[in-house]
Amino acid sequence: MTEFDDTPEAKPSDDAIAPLIRLFHVYKRYGAKTALADISVDIAEKEFVFISGHSGAGKSTLLKMTYLGEPVSQGQVVVDGLNLARLSRDRIPLLRRKFGIIFQDYKLIPTRTVYDNIALVVEAVGTRGNLIDKRVKSLLRSVGMEDRQKSYPPGLSGGEQQRVAVARAMAGNPKIILADEPTGSLDHDAAEMIFDLLKKFHAHGATVIIATHDTELIRNTGGRVIILKQGCVETDTVIPKLR
Amino acid sequence: MTEFDDTPEAKPSDDAIAPLIRLFHVYKRYGAKTALADISVDIAEKEFVFISGHSGAGKSTLLKMTYLGEPVSQGQVVVDGLNLARLSRDRIPLLRRKFGIIFQDYKLIPTRTVYDNIALVVEAVGTRGNLIDKRVKSLLRSVGMEDRQKSYPPGLSGGEQQRVAVARAMAGNPKIILADEPTGSLDHDAAEMIFDLLKKFHAHGATVIIATHDTELIRNTGGRVIILKQGCVETDTVIPKLR
Amino acid sequence: MIRFLIRAFKEIFSNLFLNAVTVVTIAFSVLIVSAFLLFFVNVEAMVSAWIEDIRIMAYLRQDVSGDDISEIQFKIEAIEGVKAVRFVSREEAMEEFRTQLKHQASLIQHLKENPLPDAFEIQVSPEFQIWDKTETIAIKINALLPIEDVEYGQQWLERFTSIFKLFELAGYALAGLFFMASVFFVSNTIRLALYSRRDEIEIMQLVGASDGFITGPMYFKGMFQGLLGGAVGLSVLFSAFSLISSNIGQMFSEVKVCFLPVNLQIGIVVVSMMTGWLGCYLSLRRFLKS
Amino acid sequence: MIRFLIRAFKEIFSNLFLNAVTVVTIAFSVLIVSAFLLFFVNVEAMVSAWIEDIRIMAYLRQDVSGDDISEIQFKIEAIEGVKAVRFVSREEAMEEFRTQLKHQASLIQHLKENPLPDAFEIQVSPEFQIWDKTETIAIKINALLPIEDVEYGQQWLERFTSIFKLFELAGYALAGLFFMASVFFVSNTIRLALYSRRDEIEIMQLVGASDGFITGPMYFKGMFQGLLGGAVGLSVLFSAFSLISSNIGQMFSEVKVCFLPVNLQIGIVVVSMMTGWLGCYLSLRRFLKS
């Protein structure tokens, strides 16, 4: 099975029409500043998508639209059958649990240990008490941070924090992984490791969306690439894998 | 004048022996964890140095040793004639003003505007009141952020924050620039722009030290490269410019 | 449930400095309110006990006979606000008078006939021991035919009760002020302590934690702090009170002070817990919305 | 200097919520302390004015002549704590007695000879109007030869002054407690408000700002908040006082209340400013060190 082609047999037949994430003429304005203008994008289940563009093009903002990190200014967003405009406040956690998010600035809780940062998510999704510990440790192992579980985030190097953020994003076994510059603080080897992890997750059935300006990474991997420019979609195309 | 060779004529003769920054058998331990072990490095005035290594190798920690971001556990650090072990508390600001630091996590003040973040440094180094405004604006222009001066850092994209951090590092006209992963959140064009800025600063007589895991960048630029591995200096060598 | 408690206790021990500060604030607030109540309640009780000595004297005409006397006594007892009525015969009055006079006793040494009238001594119920109400009673009594005159220390009583009324008024106002201020201090301190954690709350929301999951332990902590602070405040007050009151017992043998009633103590602790909850609620509402 | 003020005012307006909360806290604290002081000072003044009526009566032997009288008066006046001495002749005493008696006046109607003694009425200085001190004076007077007996309402005075002393004691204790608590609340609120800014302070240190550069505007703000809060607190108290005291004036014409003396008001504001400074100092010391 090729990983980056959205092969038909990967989708259940009744979901064939409805995409997992649909942005329909979405605008996002911050005061006078327009961060996103008329974005229409569909992302199907189990896709592996890159979002690229210059600094400030709107990559992070686009991701935010899907998990209600910010409200949409105009347009419609539907995620896994939920129309975000009509989502009541108390159902937002439900939406968020569909996602595993690697934030560009990590957003680890500085006053909690690495272990607790991850356990929090594992627990919030309703894992049974006796399984929590095992799950947290296996997650930390998968990003090579098992020996730092008692550290606090400010006591970690930039790359280590990023790896913890990756582990946390995977903690809830989410349907969708949003990765905002997931390898920006990592050296080549560590980046490869994280990237392999994302691909493994994808192979297990998750939808993966990666925002990055690392064109080399995109070229090396290939697949669908959405390039933003000043808040608009410049290109939305599938590029072949380089090697 | 080649920029990355430490040519003798660039140094005043009486400073020829004493380097600008000298780390002498420096150790840094965090509890049981040894972040730096027996580091001895001299950096001369007007050098342009890369520090590289894997995530968690100790790059940021090495930089911290020079500006007293953390106290040294063992060993000596001398910066521009100041022995940091004997520096009294009230003279620390003096030390810090020799540096312009681009922090890996930017460390912008979230509750102040971009303008104020930079004006703060411009003012702290004692710039005359009527010159502050001009200087801040020219700094923002040089990183392409002049139209965002009234924004607050949380309202900026990752790359925009990084550019503000670069502008702030240059605000005090420092002798030494420490840049910790200065282009990690930037696309290729923006990274080039920032890098050009650092080179310009170097050409004007500043010492520049860049911590990065971007091997491509180093290879493209050439110059002195110190590679750390698990807290030790693995290699300290000058590599030729690629193109 | 166990996980909830674990998180609640992590919550409590995670930032000991802020939590200690909060508990001390609550303790101080409780101390302020309850110390003032203690002060006020005791002063009030003392003065009330003192005022209770106030009597209305109703003097009978010389010509009133025994049967009429019990009838009048009956009528007086029926008046609203009268607590007790005692008949004082002219002989008793003379005896009392004799002991009252000291240096002037010589004046009545040689008296053959008792010129004093019979009288009733009337005790007024505590709630009528305000000057105007006492006066009303006195006027009513005076209206009874066989009563010649009524005496009730108008001047003194008027002055004293008006001061006392004012004292009570001011006391209630102060207690109200202290209570309001305390609620403000406590809820505000909790709010400020949580303020530094708004990022944490935001992050938890972003990773899909429900509001209850986030705030449950915080409410628990808030109420626990309220409980603890309330208990500490009252304990400190009680210790101080015990120390002082034993000294008072020696110095002022006549003065009897007592601690706050148990009901009030429980009430204070409950209010303190509710305030802890309120402080959480106020700040969490803000942070969760945004 | 101008830049400093600009920064100080940015400081004040940068986080209006936290700053408003701090000012309100200070205002409430000032209100608590000053309201209690107002209450206490007024009650004390009233009761003191009342106690001032207390007199010692010293009765002379029957055989003392005019010359001796002025000599004794002289001696009594020399006793520490005696404020004024008035000679009351037996004739005056009889007159007073007659008016005092009301229903018993018939008793002395037919008296031919005046059996009352001459006497001195002695006023005691306010600071000696505590029961044991009054007693000391009385004993000293009694020791003078021509004095037959001394009377000073022992029972009543003892009881009343002991209660009053207790009241004063408790009042001072409470005032002390309120003051301590207020200083704690204020400095703590400022501390918590600054707590959320420790990152900002750390960043400023990292970019080479000197401690004075960082803390100057904060101290300025702290003291400004203290000033503002103190002024607001006193103003609210004064408004409430004016409102109430005008009502009191109508209801209780005899009671005269007055506001806190200006010195005390100034003192309160100064202390409130110092507390603002203290709050800054306590937290900044922590943050700057680390």
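Chains here go by letter, A, B, C and D, matching the order in which they are written, and residues are numbered from 1 within each.
The criterion applied here is as follows: a contact is a pair of C-beta atoms (placed from the backbone, for glycine too) under 8 Å apart; a residue touches a chain by one contact, two chains touch by 3 or more.
Since the model is a prediction, treat every value here as computed from it, not as a measurement.
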Please report the minimal path length, in steps, between chain C and chain D on the chain touch graph. 1
Label of the chain whose CA centroid is most distant from the centroid of chain C: B
Centre-of-Cα separation between chain C and chain B, whole angstrom: 68
Rounded Å distance between chain B and chain D, as computed from the means of their C-alpha atoms: 63
Shared-contact residues (touching 2 or more other chains) in chain B: none
Each of the following residues of chain D touches two or more other chains, namely none
Could you classify the connectivity of these chains, where an edge means two chains touch, as line, ring, star, complete or other? ring
Going by the touch rule stated at the top, which chains touch which? A-B, A-C, B-D, C-D
Give every residue of chain B touching chain A within the complex, in rising order. 30, 53-56, 59-61, 104-105, 155, 157-160, 162-163, 180-181, 184-190, 213, 215-216
In the complex, chain D touches chain B at residues 2-3, 10, 14-15, 197, 199-200, 203-211, 213
Chain A residues touching chain C in their complex are 67, 69, 90, 92-97, 99, 101, 103, 107-109, 111-112, 116, 120-121, 123-125, 129, 132, 168, 172
For chain D, which residues are in contact with chain C within the complex? 18, 21, 24-25, 28-29, 31-32, 35-36, 39, 42-43, 46, 59, 97, 102-104, 106-108, 111, 115-117, 149, 151, 158-159, 162-163, 165-167, 170-171, 173-174, 177-178, 180-181, 184-185, 188-189, 191-193, 195-196, 240, 244, 248, 251-252, 254-255, 257
